[in-house]
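Each of the two complexes below includes subunit A, the first together with subunit B, the second together with subunit C.
Up next, the complex of A and B:
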């Protein structure tokens, strides 16, 4: 099969999945017991107020009409308005600031994880059955077994409290603000950004660090046993070159796919890390809106997360197929 | 269903691998403590000792120090009436560790060790039942999709892919949102040991520490909603594995032979496809138990569990103490979670290494 056809199929499939996800979220609201109007209307509201509210929320229409309107609105990226604060649209500016905050946190965590994990995995595989290998293995076992909200609390206890700076409460600056200030000649904002980012990113990144270390180690060990390694050693290629040019490169390709699938864990982890550090992101907003029973906001947040998740997975798959065309035929 | 060859392989791997031994020991110890909680726990996990009435105030006690000579001290703030002026004032009281509360107490004066022991019940039960329920839905779904193939397979697996569009915690929280107005559905599981110790149906000599057991809580609160939610979130993984296995098994000659002998599809699925697909499913189930324990802890940390006697809820409860020196309230339940999840993960590594001949003897990978 050609790459163009593969690309088309993959994109159509992910559009289907996003549509399915949107439908599931829509259905969830109908499974929810209780009338949203009862929750939102003041307790002493008369029938007129309730009917007006119902009409404003579009709940007086039959289900299929509501569904149709919901899907067509989604197609033009209209996520509706908050049910609690009726004049606030789901996609207003507060939402995007929060979205950016979550993305910054997730990206920083991933970068930390990659920077630590790949060298650790390589060392572990090359010096198999040495102290450093056992250390790395133990670390990665602990890392995938530690609940990250607890890890965050422990980092606060052991680092933030003694240092006297707990990165919670007031949100730190956003990266684009920090960079803007840096070019304007004020590096202080960037320092603030780093100070606020360090512990949350470390907390969120630990699971991924452990996971990538484990994957790199076992992948390297599998590759080292292959014939081409023996061949390249036999022709006298320096060991470092063999390892990094050939073995590591071949190891990394499948890891990327697994990481794409594990991205869900990262997003879920971000939600709970945000709660621990009172990080003003999408995850905290989701929890807050769940408690406020603000279903349009919940729908909007969940769908945006799903779209992000599916798109990244699609891009990863397409990249993978480009790098290793064998998967196209599978 | 388990052949002698597999048994031999499990045994050999077990003797060779220290990690497998540690994992099994951890899991067995935790399950035994969970089952025999009323006998093991030193106190009733729910009793509060905040100094009301005649009861002595035992709140915020620190744990015993493992190193003699370096004792931990707890600090707690109390409101007292000044005898001379008659005004209320806040006094900080230092609290030494107490032998009968080895891991200390929380702000309500509840014994932390006893809470950990009872918390193991909820974690293990949700982990095992959640993974079991997910397998019960996912395995038949995947087997049918893979075995029948064609359009049906396409349709079923597309539908399953939709579930994968949601990160598991996001989906779990959204589902919790659906159920939350019904009141979190929990059920009280009566404790057979306590019931037996309180009545005379079983001679009390047969129950260790019968007098103590009779004073323990009569029932454990079990979070039904959370168990259903974690199963709903995770069944897809079972479906995917089962489908992949069924897809390759249906091309085997013994399946063709069975079919030509006139066996029905149901019989073939039950007698031939399922037994041959079972090993990867078991390995996945083990990993899922570890994952679900973590998911349950996250949900109860966020307050979505419906019971407060869980490890996650206890971590949340101790959060405020972190900046005021009461570090042990949140720390201890976290260590318990790590012990349980490490144990189950090591068990999973052992099963995978022993059952999957492709990567035999290599204890890496996920």
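Up next, the complex of A and C:
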């Protein structure tokens, strides 16, 4: 029952957050310089053409009328049509290819971060003040300090260009296509998926690998100093069991929360990586649409990202509550 | 920069060995065209800096979009590669009947990719659609057309609202031949599907990522030498060059000037440059002080060392200009000389203008023109060196700047900014109308004499008289110094040596003009 009320609170809270994001992005149109019609209309268009376009886009209505229509349309999942490509639906443009590309990239980067960072953080904590610890610390400092943009271009230059079979950019097949071909007996598509995903995921995952390494190390060190660890050792439990079943598990709870937050951010926030690798995900689409002053697309993308972010964090909160029921009463 | 020579050498020797083994078996499949062109190429990949949002031929009036869709969609007419004069394409006859009527003749054997014959109704529909401001991005530039009408099975008549002496040039640049039933079919999305008359038909399209073409067997013209073509986009300059060096692309456009030598030094690649149809200049808004003074505007021209800018910021890839219309374009006056670099003269003119001590800001659009930011900031620095003028450069987002430039009121535009203007019709009317004409949408100069000359040129079908009027307009624009005339932009390309292809001055990339290098 308590868990149910917690869930309901989180869902209601999420809806408010999404409504807030939708309102902010709607109002941003009026705060940013430049008139969408001037950018969207042909450069040589006269006043008549501009007025017709303004009317067609509904931009001649009062602000409050535009807002009301916008919010009521959103409630029935009508995101409208692109302001620049007037026949294309916003949702059609986002789903599914662009959306899946961003999700796959974000998940891949997160998996890389987990696979590298947690073992590295554990080693660093257990072998404190050794070469391994110093190496891990140097790596994490470097990873946090290195700009994404530069890292991506360097990886292209130093790996993709000389190696040859690692592409310099552009997306490969989608994962569901690769898996489908694998079950049909053709593993080649999965190989292509891995080839195309490798550098972008490594670029995007480097910062989070470094961050999670630092967090894992410091979390482990904090837990190792606690009384239950002493008690565990005094009881004669093997060190490995103490470290991995007890210490690491307690360390991971906050890290899971952070990973969830980061994953939500990555889905729409990997703009730089997507641009460098021409990944054609949501981030790159957002930049393209901002440059085109295509406000319906901008609104749609931001709302989809907000929904994704809020959903992931709601799941993380629920998971956290399941792992640590004390948070339900907070 | 990694040395890719050893890898290229390996590939070269391996390829030679493979070719020696398989030569006999493939000899029958590879050969020259009957007309003596190059041998066949299996595939070509072209990578541009931008990629179209959609494939509908009237939705976007930009060169990168046309380069992608023009493999499948053809214009009504075209232009000679050397002279720029209108030539036949889908319409093989074009004639002016009177001041307000032209006739076009449809050639035999034109077929759409879906197998249907191209009819004069389709041609009329395509022209009217391109002329419709509700759906077309090119409606305002295709010409003052009233209506296109299919007269019979071979003739289309265009009824014009004005003389439009450049109508044939416009039909070679704007609008494409589309099938009426294809466009009007609600079950078809013309932004992602294609049905043209061109030598290639759409084979695969991943929206926003790439477009792949294969040869259209029933094309009315010669079969191309390239079997399949792929177009994609890489917005990052460095990544585009990397793609060429990694053999992922065969042709790349918009190469940064500083990368040209790198490409030239890479085995198996070559870098080529060609003067483009775009000129780059600094606009001075003549209703904003100090640019209200012709002396001050002339001073700005004397203050900027354009040759030095071309050498330093553009690594030599540019040609100094002296008038709005470029050399080779109709209406260009070959007798007009550029303003010389003369700081003393500039300072003297500033004093004469009464605006000594002026503080001006040069707005610089980012991410749009080759070396544009460097050029503008260098020019601003040169102006700032004058003892009686202060000038600083201010970087601006291109989209925002364009919005201000094309605002209805001239006062909303900045006082001083860098811009480029491409002229796909290769005619002075397009080069000047939108800046100097009476109804100009980006009007920065109020000069009745130029307006009158342009109006006269619009209503004159005598080509010699028209050229004379346009040359006078160019001379006036130079004399009154409404701009700081900078340079003609060069189009820079990186090309794989296995491809025989010469880039065009009009920036068009047509795979049908490519073949295997000897």
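We take it that the second predicted complex is superposed on the first by the 301 of 330 C-alpha atoms of A that agree within 3 Å, B and C clash if a C-alpha of one lies under 4 Å from a C-alpha of the other, contacts with A are read in each partner's own complex, and residues count from 1 in each chain.
Keep in mind that, in the parts below, a residue touches a chain if its C-beta (ideal position, glycine included) is under 8 Å from a C-beta of that chain, and two chains touch if they have at least 3 such contacts.
Bear in mind that the values here come from a model prediction, so they are computed numbers and not experimental data.
K.L.:
Look at the residues of subunit A and decide whether subunit B or subunit C touches more of them.
P.N.:
Residues of subunit A touched, subunit B against subunit C: more for B.
K.L.:
Looking at the overlay, what does A:97 touch: subunit B (first), subunit C (second), both, or neither?
P.N.:
second
K.L.:
Which holds for A:275: it touches subunit B only (first), subunit C only (second), both, or neither?
P.N.:
Touch status of A:275: both partners.
K.L.:
Have a look at where A:67 lands relative to subunit B and subunit C in the superposition and call it first, second, both or neither.
P.N.:
Neither partner.
K.L.:
After lining up the shared chain so the two structures overlap, which partner does A:52 touch, if you call subunit B first and subunit C second: first, second, both or neither?
P.N.:
second
K.L.:
Thinking of the overlay built on chain A, is A:153 touched by subunit B (first), by subunit C (second), by both, or by neither?
P.N.:
both
K.L.:
Return first, second, both or neither, reflecting whether A:293 touches subunit B, subunit C, both chains, or no partner chain.
P.N.:
both
K.L.:
Taking the superposition as given, does A:162 touch the first partner, subunit B, the second, subunit C, both, or neither?
P.N.:
In the superposition, A:162 touches subunit C alone.
K.L.:
Thinking of the overlay built on chain A, is A:306 touched by subunit B (first), by subunit C (second), by both, or by neither?
P.N.:
It touches subunit B, and subunit C stays clear.
K.L.:
Share the list of subunit A residues that count as touching for subunit B in one structure and for subunit C in the other.
P.N.:
Common to the two interfaces on subunit A: residues 33-34, 39, 153, 156-157, 161, 275, 293.
K.L.:
Which of the residues in subunit A come into contact with subunit C in the complex?
P.N.:
So the residues of subunit A in touch with subunit C come to 33-35, 38-39, 41-50, 52, 56, 84-88, 93, 97-98, 153, 156-158, 160-162, 164, 167-171, 275-278, 280, 285, 288, 291-293.
K.L.:
How about subunit C: which of its residues touch subunit A in the complex?
P.N.:
Touching subunit A from subunit C are residues 1-2, 4, 7, 53-54, 56, 59, 61, 133-135, 137-141, 189-191, 206-210, 232-236, 238-239, 242-243, 245-248, 398-400, 402-404, 406-408, 434, 439, 441-442.
K.L.:
Name, in rising order, each residue of subunit B that touches subunit A in their complex.
P.N.:
Its residues touching subunit A are 158-159, 161-171, 173-178, 180-182, 290, 294, 297-298, 301-302, 312, 315, 319, 322-323, 327, 330-331, 333-334, 337-338, 341-342, 345-346, 359, 362-366.
K.L.:
Which bits of subunit A are touching subunit B when the two form their complex?
P.N.:
Against subunit B, subunit A makes touches at 13, 16-18, 20-21, 23-25, 28, 31-34, 39, 137, 141-142, 144-147, 149-151, 153-154, 156-157, 161, 166, 211, 214-215, 217-219, 221-222, 258, 263-269, 271-272, 275, 286-287, 290, 293, 295, 298, 302, 305-306, 309-310.
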